[in-house]
Amino acid sequence: MTTTAEPMTSPAAREADPILEVRNLKTHFPVGGGLLSGRTQWVKAVDDVSFSIFRGETFGLVGESGCGKSTLARSIVRLETPTAGEVRFEGEDLASLSRRRLRRRRKDLQVIFQDPMSSLDPRMTVRELIAEGLDIQRDLPRPERRERVEWLVERVGLRREHLDRHPHEFSGGQRQRIGIARALALRPKFILADEPVSALDVSVQAQVLNLLSELQAEFGLTYLFIAHDLSVVEYFSDRVGVMYLGKLVEVAKAEELYADPRMPYTKALLSAIPGEGGVRGRERIVLKGEVPSPIDPPSGCPFRTRCWMAQGICAEVTPPLAEVRPDHWAACHFSDRT
Amino acid sequence: MSTLETAAETPQAATRSPAADPATVPARRRHPLLRALRHRSLSVGLLICTVLVLLVLAAPLLTSLDPNAQDPMATFSPPSFEHPMGADAFGRDMLARVLYGGRTTIFASLCVVVLGAVAGTTIGLVAGYFGGPVGFVIMRLVDLLLAFPGILLALAVTAILGPGLLNGVIAIAAILTPIYARMVEGATAEVRHLSYVGAAVTLGAGDLRIILRHILPNVSAGIIVLTTTWLGIAALWITALGFIGLGVQPPTPEWGAILNDGQVYITIAWWITVFPGAFLSLFVVSVNLIGDGLRDEFDPTLARH
Amino acid sequence: QADTAAVDKNAELVVGWGEPVDTLNPATTGARDVGPLDVNMFDTLVWLTPDLKITPHLAKSWTLSDDGKTYTFELRDDVTFHDGTPFDAAAVVANIDYITDKDTQSNIGLNLLGPCKSAKATGQYTVEITCAQPYAPLLAQMGEPYLGIQSPAAIKKWGKDLGLHPTGTGPFEFVSYTPNQSVVVKRNEKYQWGPAAVGHAGPPDIAKITFQIVPNAQARVAQFQSGQSQIMQETPGIFWKALSPQTSRYTSLSVPITGMGIFAPINASKWPTDDVAVRRAIMYAVDREGVIKLAEAGVYPVNNTPLVKEVFGHDPSLEDMYPFDPDKAAETLKAAGWTKPGEFWEKDGKQLTLKLTAISTVSHYPLIAQAIQGYLRKAGMNAEVEQLATPAWLAANIHGDMSLTPLQYIAVDPDALHLWFLPDQYFNWSHYTNPELTDLINKGQQETDPDKRVKIYSDAQRIIMEQAVMMPIRENIDLVMMSNKLTGVTYSGGGFEYFGAASLAK
Amino acid sequence: MRAYLLQRLIAIVALAFGVSVLVFLMIRLIPGDPAIALLGTNAGDAELVDRLHHQLGLDQPLVTQYLRWMGGVLRGDFGYSYGNQQSVSSLIAANFPATLQLTLAGLVLSVGIGFLLGAFAAVRRNRAADTVTMGIALTAMSIPSFWLGLLLILLFAVTLPWFDVVGGTSWKGLVLPAVTLALGTIGFNARFVRSSIIAAQVQRHVVTARAKGITRAQVFLRHVLRNALLPILTIVGIQFGQLLSGTVIVETVFSRPGIGRLLVQAILAKDYLTVQAVVLIVAILYALINFIVDLLYPIFDPRITGR
Amino acid sequence: MGMATGQAEAVTSRGGAAAPPALLTVENLQTFFRTSGGTVRAVDGVSFDLAAGASLGIVGESGSGKSVTSLSIMRLIDRPGFIAGGRILFKGRDLVELPERDVRRIRGGEISLVFQDPMAALNPVYTVGSQVVEAILAHRPIGRKQAMERAIELFRMVGIPAPEVRVNEYPHKLSGGMRQRVTIALALANEPDLLILDEPTTALDVTVQAQILDLVRDLQQRVDTAVLLITHDIGVVREVCEEVIVMYGGRVMERGSVAKLTDDPKHPYTVGLLGSMPQPGMKGRPLQAIPGAVPAPLAMPQGCPFQSRCPHMMEVCTAMPPLKDPGDGRLVACWLYEGGATP
């Protein structure tokens, strides 16, 4: 297997200031097996992924269900312990931190989750939910914590009288606002948003996206934004990464990626956006077959089994994520063809 | 294996209509306990149970007689003004025995569930939260205990400890412990993967805080439901032990032991058997009604949405 | 007597039996209630009439040597065992050898033999049994079913499992035994050697008997009342009172079980009953009459002396020694330095606490224990009752882990005292040793002059009563209820129900 | 499928092993010398105690003791019951059939009647008949079986002598004990079957089935009942164990022979070898039944093997 | 197989200006649910029609009453729900009044329904083939074997590879896309005149969604079936339908051709809905979101359900505006287009 080149070495990238660097990250889960049935199998949920996120940008991550987006995200914030590789936050390897140091460091990396119900403890009031981080970290004296909670709840578009209610008393959009307030409470530098709007209705989704944009401007936040709605990602992200079967297969500026994808899978994905046919005049590529199992991925290029361009080499050599254009990285042997 | 009672709950959860989805109901809801009171079976159960408990607690006020005082002149007196529930073979007043016996039975049953719940919950929380090899070993031990059907395990424990009320309580609590452990472990493992626990971790919360603040409160509905379900069964088993002579020793009154005393004379003196049996049945019915009501209101599968 | 025409030769009898069976092997059983089962399957050398007269049975006649040590029995020559083995002197020898073999772990049987442990066949049908010392009780005790003669072939064949294959020469042959369920026997068609004293010749009229083991008194009574059994033993007092007046339907039969009646040994070596004052106080504090009334509907007569009235040596003069007198109990305790600051008596800061053990499987013992407990508590003694199944109860008594325990002992001779009050005896559950008493009882065993013997036992009993190492409670009677269709049920001396002469009308 | 079978098989063997270890340890947990405890009456005899010590191998390491004991058990030798003066295996052999008969009768009643009541209530959901049926079920669950047994005896065996009080194994003697044994589980099953059926009724595929245009009866039989059978099957397995251990009380009340009563007596008599054997046999039997249920699972739910 | 014959007609019967007699006409349909909190008016006066072979999309946010509408057409509304009013004319017969027996003949025969979640829609304990066979046998007097052959045929038609093998699989063995193909095969089993697809692709990934939409479009061309496509994604409608209905709060807000509606929405709700969806080239600009949230089902306001979120809210909005043509061949239910806009 070819070693993956460090993708972010372009002059442009070097000028920028990476807040987060992910190098050769692998997260594998054991499945089946147990004590009795001998050989354990592994789901390679994230398999050798490297990229960087720059201060102040929004990095969008797309890919089909099960391709490892959430696992990658959870591994970054260490909700999952990666099998290998490193995650540097502001130059500091998170794995090297002691438990206590890590817990202190966490306030800089916050998460907004997909499911607005299961991400809020149903037994807590909104006040307790938003204040929990402050209560744990104890950087602020009590009265100031209170003030900050009250300010936050209004900032995300709720009212003070909502503070003593429980999550089930709110609609999905309101719950997501609570989740955002909680993530903001510790004044983080980096927010990981794992499908923050997928469960919401279109009209509410727009409200939440607008809120996230405002907050980014206001606090200089950096986002890692995961979504499966490709239009939303295009709208919301500065740069976009595409994942397939645990691997990052293409990374580029949003406009460029949507205008000129270099990896066949990205092409197929973008062409599948419903209703876009008329708008962009793209030719619909309907993929055949199904996504292979992440337990037993194909050799070489993971996409080769469904790729219309696949050739002999694809089965033998895993194409590295290589810079095909300035700031445009793709993992394909034939990325120069259209 | 014998998660009989817990297994029973799951299908009911699915009967909820989609209208109950609060996602679209941002209306303010009352506290579940308050809501629960509107539940018919729950309020009836609570009423009966409260009356029984009050009666039993007020025993010294309701009768001046010592439940153990023997009276050769009163043997087998049928119910009368003097002995409203009659007297038994030793001329002991049945009213006093039934009331004081209720204290023993109800208190012992409560001890059983509290003991089982505390032990089982602790084990379940530890195994479910930390998982890993330790959790695996704990849960296999739990499986092992669950491989003994119900009262058989209690009898085996009684065989080791010997007869007696305290031993009976321990024995029955020993059956409940793995049942609680299994339920709590399952619920914990599930809650542990919910994103709000993840959220707490990213806020910097430690294990203890997560267990106490986030997991325990969210598995508590299941614990409450299990406890009411098992309180009735515990009462039945405690009395069963008393009935077969493995529970309290004479002359301590206890419903099961009284039934055992009275069974010989059932054709001659029905009152010795009928009153404690009826009280016991009523108590178990009321506890089961409460359990039904709480299950409807608190079902852990509902709390999840 | 029933009309002979109505006698049903195919009758099958169901008996509601009150106690579980430990084993059917007469030599190893320790249970009184196995006696009546065995008496129907096994014959003994002599037959004891209900009034304890010794009459011939398997032995036609017997003599005692002048030194009082050797008994010679002339045996019948027309007897065969159920398995076809002929009965002879060798069989008797084999039985004595079997009982005295340590591996057998004989219980009552061995005790009944006393010092007479060797047997010798002096002819095909003549057997000599020799005692180490003169042993007066032997002859009567030979009539107890625990010394029933077993087939030597069976002894050899079955070994440890002999109890599952009881093989005797008795009127009924063993069919099956299901533990906790039933013992079934059928008529021995060849039976021609029944005891003359019973007055029934030839095989029994009843074809099959099922002893259904129903320790649950309620179930036993219900079974009887609903006609599912024709006879039940151990009728609880209250039912006896209710059923026995119904003479148009039921016949009642009181079978006096001789010996020491129902009594309670009092542990003289364990605190607080090691204090004779406490023991005496117990005697005054417990109203035996009341106990019987409370526990057993008052259907039994009180017994106030160590030996019941049927037994040789009974001494009526001891009867009034401890009248029911709670004040006297209190005085006795006070005099011995006990004080009563609260509900219970105390001495040296220790509360007067008594532990009453009771066999849980026989319904009347727990009841008696509870009634006694009631009286003791009223008298300021903190009594606790512990119900135990037989083996555990035995262990507790042997280890002295109790204060007193109600029980029965069956005997046909006053020598029974021997087992209960001599040191190192299995049954010395009073845990009491008194050289004077030991001496008296030993003398009584060897004394052949009846008058002198009466005096010896009278003295011995006086010591026992004065020291209050046992509390006599009541006479031991098996209250048997039967349907009027059943006639001819009798019992052998000592109190063993015998169906060899019974018949059941259609 | 093969993998599933193998996995279940390994699981039950492991379980049986664990159970046997626990049961083996049980007797070593009894305070004091187990030999003295076992001998009871004869405990005074030091020689006998010594001999038993050796017989039980108490002088050897635990593992050896276990292996010896297990070796005996596998040959059907559970030791000797001093209280009953016969081998434990013959005691069990004599008592087991009656218990099995009672348990099976109870199972037939509790599953049969429970199913009918539950299905009836589910079909009449939220109507008066449903409420009444469920009320009866709850009451049945709440009545102590030993008390009920007494009342039944009073009514149907004494007052109206229809059935035998002490019936041994005849059918006349079986009816009342079986009813007593099953009543609680009938109540439980009625409730459980009802909620299983209702749970199956609200499955989305039931709407699909109705959208095909088949009749309501066909929908109920093929798509509701069929899918409700799986949880019910699980319950049957569990219930077998419940009923089996419930015989402890019923056999005592009805003076029926059986291992339940044998167990109670053995406990009271501290006849530990018998206790050990009964507990082991019942637990293993229970595990076996659940193993069989496990094997039936894939027939009822093809998803199981995929798990 | 009789599918190919319909093809020619399908072309002609679609979008004909001659306005052929409608296959389905829904008139003022009202479907309510009785709940402990009160009556939920899930569908409250919905009207539309659909010509044979035509295709109509229904879009709307969650809870707008789309599924209840489709279940009402199938007469599959159960207690505590009931059809409170209106008519559903199918081939001239009113399904609301039809006896159950006749409805059963129509269900799965002349009208069939594909549900959103293909896993939940298939019974896990039967093979997929036998579930299709069941649908065939419910309407055709043929043998099991023949039915199975037809099921294989159907599987092949919906693009399931190796159909002879796949008919014997259980649902859980199939991927989401395959399962959805099975439910479509199930729906086509009896060559229905009307195929209702209730969010057929919501649970699927984009690439699989594209496959399924391809299949639907293809089938529409080959089989003469009218399609009612329910979705919350206007993009999906754009792929398949000519016309679309926008629903909100159990009512129809607007109806028109897909192009007209997306290019020039008239109803304020439609405007807001489209404004909420990010379009290419909108980057950096905030989305035109609709403020507030959908009212709870029991808290629906009197009159226009959208009034509480509408930027043009007027007093008259407390009365429900009728669906009217503002003059360009579409229908809008808003007082803004009710000339003069005065109460």
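Chains here go by letter, A, B, C, D and E, matching the order in which they are written, and residues are numbered from 1 within each.
Here is the rule we use: contacts are C-beta pairs under 8 Å (C-beta built on N, C-alpha and C of every residue); 3 or more make two chains touch, one makes a residue touch a chain.
Not measured: the values here are computed from a predicted model.
Here the largest set of C-beta contact pairs joins the chains B-D. Comparing the CA-atom centres of all chains against that of chain A, the greatest distance is found for C. Rounded to whole angstrom, the centroid-to-centroid distance between chain D and chain E, based on C-alpha atoms, equals 53 Å. The mean-CA centres of chain A and chain B are about 48 angstrom from one another, to the nearest whole unit.
With centres defined as mean CA coordinates, chain D is found 40 Å away from chain C. Residues of chain A in contact with two or more other chains: 171, 174.
Counting partner chains per residue, chain B has residues 24, 26-27, 163, 245, 263, 266-267 touching two or more of them. The multi-chain contact residues of chain D, meaning those touching 2 or more other chains, are 150, 153-154, 158, 203, 252-253, 267-268, 270. The touching residues of chain C, counted against chain B in their complex, run 216-218, 221-222, 225, 236, 238-239, 242, 287, 290, 293-295, 297, 360, 363, 366-367, 369-371, 373-375, 377, 384-387. Within the complex formed with chain E, the chain D residues making contact are 203-205, 207-215, 222-223, 226-227, 230, 300-303, 306. Chain B contributes residues 68-70, 72, 75-76, 89-91, 163, 245, 249-251, 263-268 to its touches with chain C in the complex. Residue ranges on chain A touching chain E, taken from their complex, read 64-65, 171, 173-174, 201-207, 209-210, 213, 228, 230-232, 234-236, 254-255, 258, 268-269, 271-280, 284, 286-287, 290. The residues of chain E lying in touch with chain D in their complex are 71, 74, 76, 104-109, 112-113, 115, 117, 120-125, 134-135, 138-139, 170, 172-173, 183, 186.
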